[in-house]
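Please go over the structures that come below.
Two complexes are shown next, each including chain A; its partner changes from chain B in the first to chain C in the second.
Presenting the complex of A and B:
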C-alpha cells in the first residue's frame, strides 16, 4: 500500500530529521530569494527557519550543487609546513529539490567519480538521502524546459523519495531502499493511502507536464551537435557579441563544476581553497606566459554549448544540460540554452 | 577524514630542494627529493609526465618533470620565472621546501620509439619536457637508432641545459644542432628559427619519429616542415601546454574539445591534434 504525508506534518518530520541529518530545505531569505540551506539545530533558530521553508514551486536561484561542491571550499589547512586535510563528511538530507536538480546531482556524481576521484565532493556526497518534490508549475516559467530535456517535472529514478503534491498532502513515491527505511523510521508522520493513488498521481503528473509551456527540440539539438562543425561560426559569434561575460549562467548551472585553486595565507599559516570558475571568463584559459589559446570572446561563449550538448553527451551518453532554464532566467541579456537550441533547430534567429 | 576509497589527490607531499642551477637568464633547474625516504625511493614516473608543484601560501603550478625516470631518487624541474608561483619558486634556495603531487598525464611512448631514428625538436624552455625522454634514451642508447636534437631559442642566453647539450653531442650516433633568432658575438651556430636547421642537416622520415615541444607558433611551423619532409602524422609527437590547475581532469581549464590536456595528454600525436576543431587553435 502506498504512503502519503499531510503537509502540516512536514515541519514535525523535519524537526525529527534534523537530529540525524544535516537537513537542507528551500528557505525564503531576506529579500525574497529562495535558496536551499541547512536547517539550524538549535530549537529557537530551527523554529524560525521552519517558518521560512518553502516547498512550493519556487525558483531556487542557485542549484543545490553547492551542497556537495561549495562555491568556496577549503581543501586543506597548513601551518609551518604541516598539512591538515579538511574533508567534510556528514549525513545529509536534501528535502524538496526539483527533478532537474536531481539530474544535475547525478551528473556531477559521475563526473567527480570519473578517472581520478575527487575526495572533497565524494566525501560530502557520500551519505545522503534525496527527497524530490516534483513541480506542479514550472518555477521559472518560460525558461524551464524539463519536459523537452526529459528531466522532469517529476523524476523517474535516482531519488530516494519523491513527493507528489495533492493539495493538503503529498503522495509519497519510494525510489530506493534508503527511502523505504526513512519512511519506516519516521512512520508516525506518514499514513497509508486508501484511495486509488496511482490514478491520482498519474493525473497530477500529466497536468504538471502540460504546465511546462516551453517546448524545444532538445534531442534534435543533441543529434545536430554530435555532428562536427555543424554550427556555423556566425551563430556563436552573434552570441559572443551579445554576452556580457558575467558568469551567471555558469554559477547557477547544476552541472557546471569548473573551479580554480588558490592559497590564502598569513605568514606560514593558511589554507588552500578552491572556488567556482567559469569557462566564459577571459582568464580561464590564459597561461602564465600570457598566451591564451581561447583568445576570442565568441570562442569562450561557444565553449559552454559544445561542452554541455556535444562533448558531455559523447563521453557519458548524458546531456550536460538538465533543462532547468537557470541560464536564461539569470542572463541579463536574454541568452540561454533553450534559445540556443531553438536557434539551431528551428533555423530562425531567436537571439 | 576522507571516506572515499582512494587517497586525496589534492594533498601534496613535502620535498626538499637539493640544488638550484641557473640555466638561462630566466629559467632555473631545481633538483628536489621527497622528504619521506620511502616515497623518494619508491616514487615512479614516466618521461613526459608533469607534477603540480607548490609553495604553501603562494599556490600551485603544473611543471613538467625534466629529469629522466632512469635516474632515480630525485626529481628535476626546469622552471621559468613567469608568474606568481614560479617567481616565488625562483626565490627559493637549496634546503627550502617545495610541495609536490603527481605524476600526472600520459607519457612519451617509449616502447614505440625503440629501434627508431629520433628527432627531438625544441624551442626555448620546450627542451625541458623533452630532456626527460632524451636522457632516458641516452641511458638506454642501444635501444634506439640515430638521434638528432634540433634546438632553437631567442638568444644564446635563452638556451637551457647548455652543459648537457655538450654532453649529448659527444655521445655516438647523436647530433645536436642549435640556432638562435638573435645571436651574440661569440655565437658559432646557426641563426634563425628552428626550421632554418632543415638547411643545415637532413630531416628524413625513414624509420623516424619526431618529438616536438615549444611555443604554439613554433610547433605549428615545425610540424608543417616535418609534413613537408614526409613525416606521417602518427610519427610526429608533441607535448602541449595548457592552464592545468588540478592535473586530474576536474577543474576544467585545460579542456580542448572534450579532452583534457592533463589526463588525455599532455603528449599527443600530430594526427590527434589535427582532429581537434580548427577553432580551438591547438597549433
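Presenting the complex of A and C:
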C-alpha cells in the first residue's frame, strides 16, 4: 500500500529530522528569493526558519550541487609545515529538490569518483537522503526543458523518496531502502493511501509534463554532436561573441564541477582552497608560456557545449545537460543550452 | 555546522546588484545573485560572483598599527585613537582647522560617509573633505546640476530594457557596468534598438553599433556641438520642449553655428557623414538614452563635456521621460551615496552648500556645534599637494588608495613621503597605507550593516554576514571613537539605522528612507517623505531647477596635446576583471588569473613602425615619469594612441598621467596626456 503525507505535517517531520540530519530545505528570504540551506538546530531559530520554508516550484538560483561542492571550499589548513585536513562529513537530508537537480547530483557523484576519488566531495556526499518534490509548474518558465532532456518534471529513479503534489497532501513514492526506512522511522507523519493512488499520480505527472512549455530537439542535438556532424562555425561564433564572461552558466549548472585551487596564505600559515572555475574563461586553458589553444572567444564558449553534449555523453552515457534551464535564466545576455540546441537542430537563427 | 545566506548589495560597480553571501561557520563560501532584485534579476558579472573571496584573505589588517622607528608595531585601539586625536587637535591649535584633511570612501556605506563629513566638519571644523568622486564624476555633479538642477543619472537601469536608442560615449559599459552593458546588448540584438557609440577606443559594444564615431581623444565638445549644429540645421530640434522647458537656447544656436560637419571632422577625425547619421538617429528617436562615464568626465574640459551632452538632450527633448535622459554611470558601488551624503568639499548631505548660511545654521543646530566653516574646502588632488607642501599637516584617509588612483604618481609619492601625520583606515595594507603613521583596520562590506546608493539613485541595504577579522571594526564605529576622542559627544550610535535616522532629518532627498522602508530592495531618491514611493526617473514635467538651462561651450584643446617628441596620446581606464587599485581583485583568484599583468594597447601599424612584437616589453614615457610594460598589439586603439589599465602597481599608468584639472570640477585629465613609446 502506498503512502501519503499531509502538507501540514511537513514542518513537524522536518523538526524531527533535524535531530538526526543536517536538513537542507528551500527557504524564502525577504523579497521572495528562495535558496536551499540547512535548518538551524537551535529551537527558536528553527521555528523561524520553518516559517520560511518553501516547497512550491521555486527557482533555486543555484543547484544543490553546492551542498557537496561549495563554491569556495577549504581543503586543508597549514601552519609551519603541519597540515590539517578539513574534510566535512555529516548526515544530510535534502528535502524538496527537483528531479533535474537530482540528475545533476548523480552526475557529479559519478564524476568525483571516476578517475580518482575526490575525498572532499565524497565525504560530504557520503551519508545522505534525497527527497525529491516533482515540479507541477516549471520553476523557470521558458527556460526549463526537462521533458526534452528526459530528466523531469518527475524523477524515475535515483531518489530515496519522491513527493507528488496532490493539493493538500503529497503522494509518497519510495525509490530506495533508505527511503523506506525513513518512512518507517517517521511513520507517525505518513499515512496509508486508500484510493487509486497510481491513477491519480499518473494524471498529476501527465499534467505537469504538459506545463513545461519549452520543447526542444534535445536527442537530435546529442546525435548531431555524437556523430561529429558539422556544426557551422558561425553559430558558435555568434553565441561566443555575445558572451560577456560572467561565468553564470557554469556556476549555476548542476553538472559543472570544475574548480581552481589556490593558497590563501601569509608567511607559512594559511589554507588551501578550491573555488568554482569556468571553462568560458580565457585563463582556464592559458598555458604557462602565455599560449592558449582556445584563444578566441567563440572557442571558449563552444567548449562548454561540446563538453556537455558530446564528451560527457560519450564517456558516461549520460548527457552533461539536465535541462534545468539555469544557464539561460542566469545569463545576462540570454544565451543558454536550449537556444544552442535550437540553433543547431532547427536550422534557424534563435539568438 | 552553520550555513546561512545573507542578502546584501555588491561591493563593486554602481549597478548595485542584489546578491547573497553564503556564510559557513564564520567563513564566506559563496556569492549568488538575487533573482527578484530589480537590477541583478538572477545574474551577476564575474566580479559579483566572486565578491566573497577577498573577505577571507589572510592579508586582512587585523590590528591597529602605529609607525615607530620606521616600521609598524601592533597597537591597541585606545592608543591608536588617542594618538590621532592628540595630533589632530595639536595641528588644529597650531595651524588652524584647515591644516587637517579627510578623504572619505565610495567603497564604504552612506552612513560612514555621512559620519566622515560630520567628523571633518563638526569635530575638526574643516571642509577639507573629499573622495574619489572627484576623480570620476565631479564633472557630472557640477555640469548636470548647472543645466538640469540635479547631478545624477536621470533614468533607472530597467528603463534600458525599453529604450530604442542608446548613445554611449566614454563608457566601456560591458566592462564597467556589466549588467547595464548586457541590457544594451539584449536591446540591440533582441529588439533592434539603435546604438551610437562615440569612443576613440573600440569597445566590446562597438561590434553592435549602428554608428561608430571614433573621435580623437579630448575633442568631445567639438563633436557634440557638431551634432547639435546638424540637428538645428535639419530642423530636428524639439521646438516646443525648448520653448516650454528650457532657457538660453539663443546662445546655443549662436555658438554651434560654426561647428559644421566639415569643421568638426577637421578637429575630431570623425567623418562628417557619420556625424550627420548619428545626429539624425539620436534626434528622431524618442526613447533615446545618453550613457556616459569617464571618457566624458576625466578631462580638463570635463564640465564642458557634460554640459554639452545636457544641451544635446534638451535640444531634442530627450529628458524627463522613461527611457529618455542623460545617464552618467557611477563607477563605485557607493560613489553616488558618498556624494549624496556630503563627502565633498563644498556641500553637506543632499548637496546643501557649505557657503549657504542657512544650511550651516541647520547643521550647527542639529549637530549641536558652533562655527561650522563656510569656506569651500580642498579637493582630492589639492589635498595631496597641500600635504606635500606642509599646508595640510594631518590627513585621514578612509578606504582610498591615492598612491595608485591619483594622477602623477611620482608627485603623489613625494607628497605622501612628506606627510607630517597620515592616518589610513582600510582592510588591506595598500600602497598608500605603507606611508601611514597610524593604520586602522576597517570592516569589509560583508562585515557590517549599512546602505549603498547605486547609479540609479537606489539606496539599498548592506547586511552583515560575518564578523570582521581580529580586532577590525566597522568604519562607522571607528569614526565615532575618533570623534569622542576629539572631544565631541554628538557621535554615538548603536546601529547604522540610527545614523540613517539622522541623515533622513537633515537630507531632504533621503527624507523617506528609513531602514524599514529600504527592505527588500531599496528606494530611489528623491524620496522626501515616509510616504513617498521614490523616483525612478528625474525631471518629469519640469527640471529640478525649474527651467533647464542651455550652457553652450566652445571647444578647447586638452592640456597636453601631442608634439613631435611625445607623439602618442595616452588614455587610461578600467578593465572588466579588475577593480580600481586592485586591492580586492588581486586577492580574488579567478579575477587575478584572468588579468595577471599590466599592458599597453598599441595599434599594429605603430607597433610595426617601432619594431615592437606582441607581448614584448616596451617603455612608455611621459614628462612626469616612465614605466616598462608589456605591449598588447590591437586595433582597439587608433594610430598614435595607447591605452593602459590603471590597476597595476607593477606598471602604474598614473606614473605617466598629468594632474591638470578641470577648473570647476577639479577632476584630473586621465584621458589625455602625451607620451612616447620606446622599444627596449
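Keep in mind that, in the parts below, the second predicted complex is superposed on the first by the 348 of 351 C-alpha atoms of A that agree within 3 Å, B and C clash if a C-alpha of one lies under 4 Å from a C-alpha of the other, contacts with A are read in each partner's own complex, and residues count from 1 in each chain.
Keep in mind that, in the parts below, a residue touches a chain if its C-beta (ideal position, glycine included) is under 8 Å from a C-beta of that chain, and two chains touch if they have at least 3 such contacts.
Keep in mind that what you see is a predicted model, and the values were worked out from it rather than measured.
Colleague: Is A:32 touching the first partner chain B, the second partner chain C, both, or neither of them?
Modeller: second
Colleague: Let me test your reading of the model: by the given contact rule, A:62 touches which partner, first (chain B), second (chain C), both or neither?
Modeller: In the superposition, A:62 contacts chain C only.
Colleague: Just chain B (first), just chain C (second), both, or neither: which does A:315 touch?
Modeller: First partner only, chain B.
Colleague: Which partner does A:75 contact after superposing on A: first (chain B), second (chain C), both, neither?
Modeller: first
Colleague: Look at A:351 in the shared chain and tell me whether it touches chain B only, chain C only, both, or neither; answer first, second, both or neither.
Modeller: After superposition on chain A, A:351 lies in contact with chain C alone.
Colleague: Is A:202 touching the first partner chain B, the second partner chain C, both, or neither of them?
Modeller: Neither partner.
Colleague: Between chain B (first) and chain C (second), which does A:259 come into contact with in this model arrangement: first, second, both, or neither?
Modeller: first
Colleague: Touching A:247, do we find chain B (first), chain C (second), both, or neither?
Modeller: In the superposition, A:247 touches chain C alone.
Colleague: Taking the superposition as given, does A:112 touch the first partner, chain B, the second, chain C, both, or neither?
Modeller: A:112: touches chain B, not chain C.
Colleague: Which residues would you name on chain A as touching chain B in one complex and chain C in the other?
Modeller: 260, 262, 265, 270, 277.
Colleague: What residues of chain A sit close enough to touch chain C in their complex?
Modeller: Its residues touching chain C are 22, 29-33, 35, 37-38, 40, 59, 61-62, 66, 70-74, 88, 90, 241-242, 244-248, 251, 260, 262, 264-266, 269-271, 273, 275, 277-278, 281-283, 290, 329-334, 351.
Colleague: Give the list of chain B residues in touch with chain A in this complex.
Modeller: By the definition above, chain B touches chain A via 1-12, 14, 54, 56-61, 80, 82-83, 85-86, 97, 99, 215-216, 241-243, 245-246, 248-253, 255-258, 263, 277, 279-282.
Colleague: Can you check the complex and tell me which residues of chain C touch chain A?
Modeller: Against chain A, chain C makes touches at 1-5, 7, 18, 20, 22, 24, 27-37, 42-46, 48-50, 52-53, 56-59, 174, 178-179, 181-182, 185-186, 189-190, 204, 207, 519-521, 576, 589-590, 593-594, 615.
Colleague: Give every residue of chain A touching chain B within the complex, in rising order.
Modeller: 75-76, 78, 81, 83, 85, 87, 89, 111-112, 114-120, 122-123, 126-127, 228-229, 233, 257-263, 265, 268, 270, 272, 274, 277, 279, 284-289, 291, 293-295, 299, 302-303, 306-307, 310-311, 314-315
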